[in-house]
Structures are given as C-alpha cells and as structure tokens.
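Next come two complexes built around chain A: one with chain B, the other with chain C.
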Partner chain A sequence: MVFPILVFRDSQKVLDRLHGHRVVVRVDDPENIVDAASRVQRTGNQLSCVICDSVRPLSAITPAESWAGIPVALFVPEVGRLRDLTATIHRTRDLDVHVYLPAARPENLVSLRILASLNVPSCATFGAEPPDWEALADLMTYALLGPIPHVPIDPFEYIADHYAPDRWTQWDAVTFSDPRRYLHLDAESRVALSHDDLLAGAFIADDLGALDDIERHPAFVERAGRWRRFFAECTQCSCCPGWRVCQGMFVHTVERAPGCSAFFTELMDVVEQHNAKRRQTRQPNRWRP
Partner chain B sequence: MIVKATEACNSNCLYCDVVHKAVKGPTTMPLDVIECLFRRANEFLEETPNEELNVVWHGGEPLLLGPGSYAQALEFQRRHCHDTSARIHHSIQTNLSLFTSEFARVFRELGIDCIGTSYDPIGGVRGPGKPPDTAIYNARFLRGLEVVEQEGFGWGVIYVVTQFTLKRPDALFYFMTNLKPDGGISFSPVLVYGPEPRHLAITPEEYADFLGTIFRLWWPHSERFRGVEPFRSLLRNAREGACSLGCGESGQCAASHWNLAPDGRVSHCGRSHDWGLLDYGSIFDRSLADMRRDGQRDILAQRNEVLTNGDCQGCRLWLICHGGCPLDSWAATGSFGHKTPWCRATKRFVETHFEPVTGLRLKFSVEDGPLGGSEPLGATSAQVESTP
Partner chain C sequence: MPNLLLTTRCVRSCPYCFARREIEASSSADSVSWEDLIFLADFLEASGDRHISLLGGEPTLHRDFVDFVLYLHERGFSITVFTSGVLSNACLCDLERYLRAVPPGPLSFVCNLNDPEQISAPPGETERVHEFLSVMGPWVSPGFNIHRPDFRLEFIIELVARYGLMRQLRLGIAHPVPGNPGTHVSPGMVRQAIDRLCSYRALFERFRIKPGLDCGFPLCQFSDEQLGWFHRLTGEALRFYCCPAIDIAPDMSVYSCFPLSRFHRRSIYEFDSMREVLDFYHHKNDAIRAELAGIFEECDGCIHREEGVCAGGGACHLLCRLTDEAPVRLPEIQRGLSDTRLP
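Showing the complex of A and B:
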C-alpha cells in the first residue's frame, strides 16, 4: 500500500515536521488557498490539493486567477444565487476547482446538475441527514447516462471509475475519508483515520513516526474490518442488493429513509451501462479526488 | 480421500449427521492413523503413476486437532511420500471458528491456498449448545474469516438451504453474495434423513423453487454474482457441454472416493461411514488399491447401467444428474439402484426456472453420449438448443 496522503489544517508547524509527503491542506477562507499551497511547496512536500471548507455559498466566492495550477476541493453549503454565479463561473470553470455540496439539501441536487452542465466538476456529500433518494437517482442517471454534454459529478463518476462487478466498490476517498488513501493530522500532528475522527479526538497515534506499518496498525485493521459487524446476522444492510457500493454507509438513516437500497441497486445498473458506453469515449484528464 | 480427522465438533448444527450419530467410535484421529494414511497414499501413488490423491480434511471440526497435528501430517508426508508428494493435494472444510495464523502457516506448507467453509446468518441452526447459539458461532466464524483473509487464503462457502431459508430467499442470496462477492458460493439443500429435525427439512420441490427464485436474481447479473452454484455449473454444462453438477451427481464416485474415519476404518464417503455402509476395512490392513477393488463398489459402478435401463431411462437430464447421489437413493429406498428424490429438484429447476428464464433447452440424454461410469464424459455428449 502506498503511504496515505496527509490531510491537515494549514499549519507551518505541521508542515515543518514533514518532508517528501503528499499532502492536502485545509483552509476556511478562499483567500488563504494560494498561501497554503505555497507553504506546502516551500517545505519539500507535494501538494495533492487544497480543501477549502467555506461557510459561504459558491456564488459569494470569487476564485482568484492565482489559483491557477492549484487543485482545489471547495466545500460550500450551497451554490447561492445563480445570477451572482454567472459573474464568476467562467473563472471557476477554467481553474482546477471541484465543488462539494451537501446532498441532503434538495436545491443542491439541482445545483449539481447545473454546475456539471456549466463544466464545473462537483461532488455530492452525505452527512447525518439522508438525501431525497429519488431525486438523487435522477441526478445520478443524468451524471452517468445523460446525453447532454457535462463534466463529471461525483461520487457517481468516482464510483463508475472504481467499479468492478464482482467486488465491493469503496468510494470514501472521494471525500477524503478513506484511511487507505488519506490520514488526518491535527495541529499537534496527531493522527486520525478520518476528519470526523479528528474532530471527535479519536487519534490512533501521537505522530507519524508510530505509523511505519500503517496496514498492521490495530485501529486501521479494525476500521478495514468494520464491515464484518453487518454480517453476524441478516441485517437490512447485509441483505441489501446495494451493499456492494454502500457497505452500510447509511445504516443510521435506513429506517427513516429506506430509499438507499433502491438507489444503490439502480446505481450499479447505471454504472454498468455507463462503463460499457464509456469504453468507446474517454473524458479529458483533470484532477480528481 | 475424505479424512474425517475428528468427529468432535465445537458446534451443534441441527442438521449435522456427525453431531447426531447414534454410534460413535473414537472421536479424534490418532497420529498412527494419519501416518498410515501417508504410507498408504505413497504405496497407491507409486502403483498408479497417473493418479493423484486429493486429501480433504473434514470432520466434525478438523481444526480441533490443532495446528500441531497438521504439522505432523506434513512431516509424515515428507517422510513417506518423498517421490509422490507432488501428486498429493490437500484441502480442508472447516467452520473457521478456530482458525489462526498458526494454522495458516502449516496449511500453506501443505499446499492449501483456499479454504472451504459454510455459514448461515439465520439464528438457531448453527452454534454451540442446545439450542445452538448462533451469535457465538457467527462471531467466531467472522473472526476466523478475518484471519483467513489477512493470511491471503481464498475461501469458498456452502450455504445449507433449510425451511428457515425459504422465508427469505432474496435476502439470503444477497447476504451470501455480499459476503463473498467474488463467488465461490454453493447453495445446497439440507439433507434430513431421520425423524429430526423435521422443521428444517425441505422437499425437492421447495429446493427447486428456492433456486428458481434466486436464479431470477442471478441470471440478469451473472457477471456481478459470478461463481454461484449450482448455477455456474449448470450454465457451463449448457454452454460448454460439461456434464455434472457436483460429486453427488457425477455418476463416477464408484472409483473416486474413500472416507477415512478417526479409527482408521475406510468407507466410501462421509455419509456411508456415518450410516455404517460400504465399509472397506481398516487402513492398517488393506492397501488403497485393494480397497478400490472392493466388491462392494461394484454395485455403485453398475448403478449407471441400472438406472439408464430403469428409473432414468430416456431422461434428457441424465448426463448432468446421473440419478443423484447413491447414498440419497439408499436413504430413500434402501437400495443404491434407484434415482433419488432430489432428481425431482433438478428436473423441476431446469424445466420450471432455468429453461424459461434463459431461453436455453438442455439435452443431456443417454442417447447423446456415453454412459458415464469411470470414463470422463466427452464434451460432445451435451447439446443445447436455443429457443427463439
């Protein structure tokens, strides 16, 4: 396994302890993206991308020309007013920006479709609240089979890229949550397996030095084997035809929003159609999570 | 060579023949029996240079022997099978509950790279104690499975279809194919011969309809659910002219099977031993070649001819069914010379489910090819007609 990419809030102190790593730095303010990227380059580490966790809508963010060459994962709560977006969308489109929107907000499912048709790559994210699964299925079908030209919408495109019919498809990495791809550091360089773990103070090591053999670390092994708890009995998730793609990700919402099963089952069918079609035409190569 | 290394088990599965056996001998195979096995194996393989020997470690629960016994078996093989060991192949059927890295090391040395197991998420069927504690069993199984995967072994799993399964065929199909997405899953019917546990027993028709239900999930996505038996084999039979589903339907077991019990007695197979049938004597007293010539095997060798002139005459599925397992025939009729009730399952599944869903029509009648026996069946013996 290649050593995971390190994700941490922009910090000279953390960077000073690293050398030769692939890193992702987090900032809150889009104004700080360029400085954060420069800092990484000065320390001899390799920038994978900058995550910007903005509380502002996309329409309120003006991408700077200086972002050119910097892969940016821009997490925003919503797109905002479209008429405001039109002033900046051409720049967003020309830069290497990937816009992340929470899928639980119904208006965001429409926005993701609009962004894709405007050639802005984007990604739906999932939290404690379930999305409208029917509307998400429409978006997914548009993303993967829609004949109108548009750029990828993740996680659908990511899933399609990594899908194999006879094994599970893991797509946590699209939101930097797969510990095989990303480890998260706090300001003291303590290590967590996900951003949520980091926020909860669940660290697996006090520093990277303790992680030479990450694959054998008990916490890593435990996380990788968490799926087994679903298979001690016939649960709603372990008996679900969609398990191969969701792997119980929505176990906390399945009771009140059981549409996830039909969604992921349909997703597999659509992905298989999409991949069959895609074998003839390839998309241009852009940064992808 | 099915080596029933022990008749002891740490589980008390309701339908298990070994657990419910009325008369039991020594439960665990002593080392002198294991050593004699390898002496006999070498003797047999030296006499028959074109033969190979598959040793299937079975039970009871064969891991109860501990890794040391398998290391000792390996030592016996090295000591006694110097020039023949390349023709000895080992496999194991275990509930995995005791599997550890120590077992992994010695199994690798024995050349085992894939482990056979079985599993059922439904409560009350498998597990230690009375009634079986499924929660404990399943937790141990999953822990063992974790080690199997960490150690890089492949694995295959049998799901035993019971009356409980019939309530949720879709759920069980997805459960098993989710657990083992790359295939190696076999859905087999529970075989209940005595009065108990009748509440688990299923009829051949129920088994056929269970298969029919899950076949409708499998067929449109056979790439997604690859390696599910008996579907894969049946489709291979249909498309490539292979003839047979499993050992019970091979029509060739007369010459191919031995079962070694813990006390060194050799019988035909696991079930014949459990039922006190087809006892070929002690491995200490007779060579394997001699036991293969045992007159009791004649009735099995003649079975194909008996059936094709009797119960199975004119059956278009003969070459993939061969009247079913001879032991099932004995259980139902007291004779090896009849087809088994499970033939009804094969016929019903093919005619009611497989052919209507796939649009294929199978022709495996005796007129299309040789009579089986110990000769391999030629690919030309099967034909498939596509319906419009």
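Showing the complex of A and C:
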C-alpha cells in the first residue's frame, strides 16, 4: 500500500516536520489558497490539492487567476444565485476547482445539476442529515445517464469509475475520508483516520514516526474491519441490497429516512448501464480527488 | 426553435389571446422547474438546436426568469423572450443589472404591444411598458397582433423611435382556437387587414421599420404591388407559412402551437429529439390539410399552395371548420379531434 496522503490545516509548523510527502492542506479563506500551495512547494512536499472550507456561497467567491495549476476542493454550503455566479463561472470552469455541496439541502441537488451542465465539476457530500433520496436518485441518473456529455458529479462518477459487480465499492476517498488514501493531522501532527475523528480528538498516533507500518496499526485494522459489526449486530444494512456500495454509511438515518436502500440499489443498476455505454468524450486530464 | 412556457400566469387579459385556454386550464403554480429547464437544454443541445424562445403567460413572472436566461446564455443558447413588457419594479431592476450585460443578438425580446386606444389597460400598465422599453429598448423588437381590421400602428412607430427598439415589427394575426374561437381575424377579414397594413407603407419606409409576417398570412390576399413593396422593404423572401411552432408547457407537455394546444398533445419525454417532435407535428398538420386544403375554397387546386409557396392559411382555421362539420372523414383526424375536448 502506498503511504496515504496527509491532510492538515495550513501550518508552517506541520509542514516543517514533513519532507517528500504528498499533502493536502486545508484553508478557510479562498484568499489563502495560493499562499498555502506555495508553502507546500517550498518545504519539498508534493501538493495533492488544497481544501477550502468556505462558509460563503460559491457565488460570493471569486476564483483568482493565480489558482491556475492548484487543484482546489472547494467546500461551500450552497451555490447562491446563478446571476451572481455567471460573472466568475468561466474562471471556475477553467481552473482545477471541484465544488463540494451538502446533499442534505434540497436546493443543492439542483445546484449540482446546474454546475455539471455548465461544466463545473462537483460533488455531493453527506452528513448527519439524510438527503431527499428520490431527488438524489434523479440527480444520480442525470449524472450518469444524461443525454449529453457533462463534467462529473461525484460521488456518482467516482463510484461508476471504481464499481465492480463482484466486490465492494469504497468511495470515501472522494471526500478525503478513506484512511487507506488520506490520513489527517492536527496542528501538533497527531494522526487521525478521518477528519471527523480529528475533530473528535480520536487520534491513532502522536506523530507520523509511529506509523511506519500503517497497514498493521491496530486502529487501521479495526477501521478496515468495521463492516463486520453490521453483520454481527444484524442491522438493516447487513441485509440491504445496496450494501456493496453504501456499506452502512447511512445506518444512523435509515430509521427516519429509509430511502437509502432503494437509492443504492438503483445506483448500482444505473452504474451498470453507464459503464456499459461509457462516454468517449470525458475530459482526460482534469484533476479529481 | 421551440417555445418554452415558463409559467402560465399572465398580467394581461388581451381579447385575442389564443393562449387563454391554456392559461385557464393551468394551475397558478404551474411553472418550469430547474430540472426541466436543464433537461430541455440538454434535449435541444443533443438535437443540434441552440435557440429557444421563452413565453408565458408572462415569462418574466417566473421567479427564476433572470437566472434561466443567464443559464441558457451561459450554455450558448440564443434566447428570445416574448413579453408583454408589464414588469414589476424588482424584475425591471434585475433586467437592467443582469441582462443588459448580455449583448443583443444572443438575447432579444419581442414585446407584444396593444394599442391603448383600442384595448383598455389597467391604470399604470402603459407606463410600465414604457419603463421596460426604456431599459431594454435595444434588445426589443415590437410585436403586434392584428385582431381587427381597423388596427393602428402609429403608437408602435412612436415607441420604436422613442426607445430605440429594433426596427423589425413582428406582425401576427389573431387566430381562432378550435372549440373556443374567441376574437380572431376570420378569412374574410384578412384582405382588409393586409390593405390596412400596407396603408402604413410611408411610415414604415420613413422610419425604416421592416414588417415581419408571422404564420397564417395567405399569399393570395396580397396584391402583386403589395408583395413587391414588402419584398423591397424587407429584402427578404416572404413566407406564407403555417408550420408547427412547438410549444412546450410548464408540465413538459408539447403541442404544435397555442391554437392547436389540444390537438395531439404529447409529453416531450416521449421524443428523442426535436427532429422527432417536428416530424410528428408536421405529420399531424398534414393530416388536417389532407382534409381541407386551405382557408379558402380556392386553396384547393392553388398552384402556390401545391408548390409550397403558401400554406393556405392557418391550420387552426381548418381544424375549427372540421370541428364544426360532421362527419369528420379521416380516422386519423377523428383521433386528433377527440383530444380537442370541444365544449
């Protein structure tokens, strides 16, 4: 296994302790994206991308020309009004920007479709609140079976790219949550398996030095085998036909929003159709997480 | 070039309105969703069609009107908006702020103007139209529906000059709606209307305004001199056509045109391309014309109709006659008529 990419909040202190690593730096303000990328280059590490966790809508963010060459994962709460976006959307489209929107907000499901049709790559993210599963299924169908080529809407495109009918499809990596691909560091360089773990203070090591053989680390092994719990406890998820893709990701919301099972079952069907007639016009060299 | 009805709500109540039945039959909540707009843009793009007309009701009443226009423009569509020009202050501000950034050409308006002396308007309506024209004048072509033979055009010419409108006047004839004819120009009134139109020859020439004829004008009702004048003034080949306009309602149902909105109404989702839609409605219109050649007895055997130079008037007139005559001959037509839901 290739050593995971390190994700941490933009910090000279953390960077000074690293060399030759592939890293993702987080910033809150889009104004800091270029500085954060430059810092990584100066310390001899390799920038994978910059995550920007903005509280502003996309329409209130003006991408700078200096972002050119910097892959940016732009997490925003909403897109805002299209009329305020049109002045800058051509630049967003020309840069390596991937827009992340929370799927729980109904208007964002429409926005994801708008962005894709305007050739801005995007991704739906999932949190504590469940999405409107039927609307999400419509979006997923549009993303994978739309009548004309458009840029990807993740995680659907990511799932389609990695889908195999005879095994599980893990797609945490699209939101930087797969510990096999991303480890998260805090300001003291303590290591967590996910951003949520980091925020909860659930660290697996005090520094990277303790992680020479990450695949054998007990916490990593425990996380990799966490799926067994669903079967040991015989939850709804363990007998769900959508398990091969969702793997219990929505076990906390299935009681109040049980549409996830139908959604993931349909997703697998649509992915198989999509992969059977995969478009030949996909943009080849675009950065994707 | 299909017409998309963004909403069936309207601010006017024109006596000749051939969309009235559509509007009355619709829920006030009927309006196009973003999902359907994107579907339609994809559908048109896949069909190789990059132009769309936005209609209503009054399309600017749609809450996302400005965003829809900007979206379609961003996708490379050219857009024509058919409006009454009666806009709220907020909408007018939005147009000034956002749509004036789109150059005329990719975006244009056809403002349907009513003669304030012949059609009474609520207080303030005319002023609102003037405000709209003062903001968007260079984007606007005036439009006028002839619904009586003694119409007047002076007020339009004045508006063109005052607000710098495009010097292209779109002239339509008020058509009957089968089953509910309403105020319209009957075949016997067409020649009078054309004579009236040509009486404005001097004003058209002086102000360099080109009259453009919408569907349903029959060639034989023009004298050779009138045809010559039209041709010299417009520099374009005159078309005496009636073909499917393709109107798409907010619920994504599709039909040939407003007057034929109950005739073989389908869902746009039943078709794979605009070509299919057009072929379908051409075929249906041909079925009507197989029964009745045109709006005049002389249309049967007319060389110009047979050569395709003239359509023989509007198919809506023919369908009106077929709905009033029994028995209807073709089973195909009968099936179509069964959808017209006569009163």
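Assume the second predicted complex is superposed on the first by the 282 of 289 C-alpha atoms of A that agree within 3 Å, B and C clash if a C-alpha of one lies under 4 Å from a C-alpha of the other, contacts with A are read in each partner's own complex, and residues count from 1 in each chain.
To be clear about the criterion, a contact is a pair of C-beta atoms (placed from the backbone, for glycine too) under 8 Å apart; a residue touches a chain by one contact, two chains touch by 3 or more.
These figures come from a predicted structure and were not determined experimentally.
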item	value
Combined model on chain A: chain C and chain B, fit or clash	fit
Chain B versus chain C, judged by how many residues of chain A each one touches	B
First (chain B), second (chain C), both or neither touched by A:His21	neither
Touched partner set for A:Pro147, first chain B, second chain C, both or neither	second
Arrangement angle, chain B at one end, chain C at the other, chain A at the vertex (C-alpha, nearest 10°)	110
Partner chain(s) touched by A:Cys240 [first = chain B, second = chain C, both, neither]	first
A:Arg167 touches, of chain B and chain C: first, second, both or neither?	first
Partner chain(s) touched by A:Phe231 [first = chain B, second = chain C, both, neither]	first
Chain C versus chain B - closest C-alpha approach in the superposed model, Å	27
Residues of chain C that touch chain A when the two form their complex	34-35, 38, 41-43, 45-46, 66-67, 70-71, 73-75, 94, 98
Chain A - residues contacting chain C, complex	81-83, 86, 89, 110, 113-114, 117-118, 138, 142, 146-148
Residues of chain A touching chain B in the complex	165-168, 221, 225, 228, 231-234, 238-241, 243-244, 268, 272
In the complex with chain A, residue positions of chain B that touch it	121-123, 134-135, 138-139, 142, 145-146, 150, 168, 170-172, 174-175, 178-179, 181-183, 217, 221, 223-227
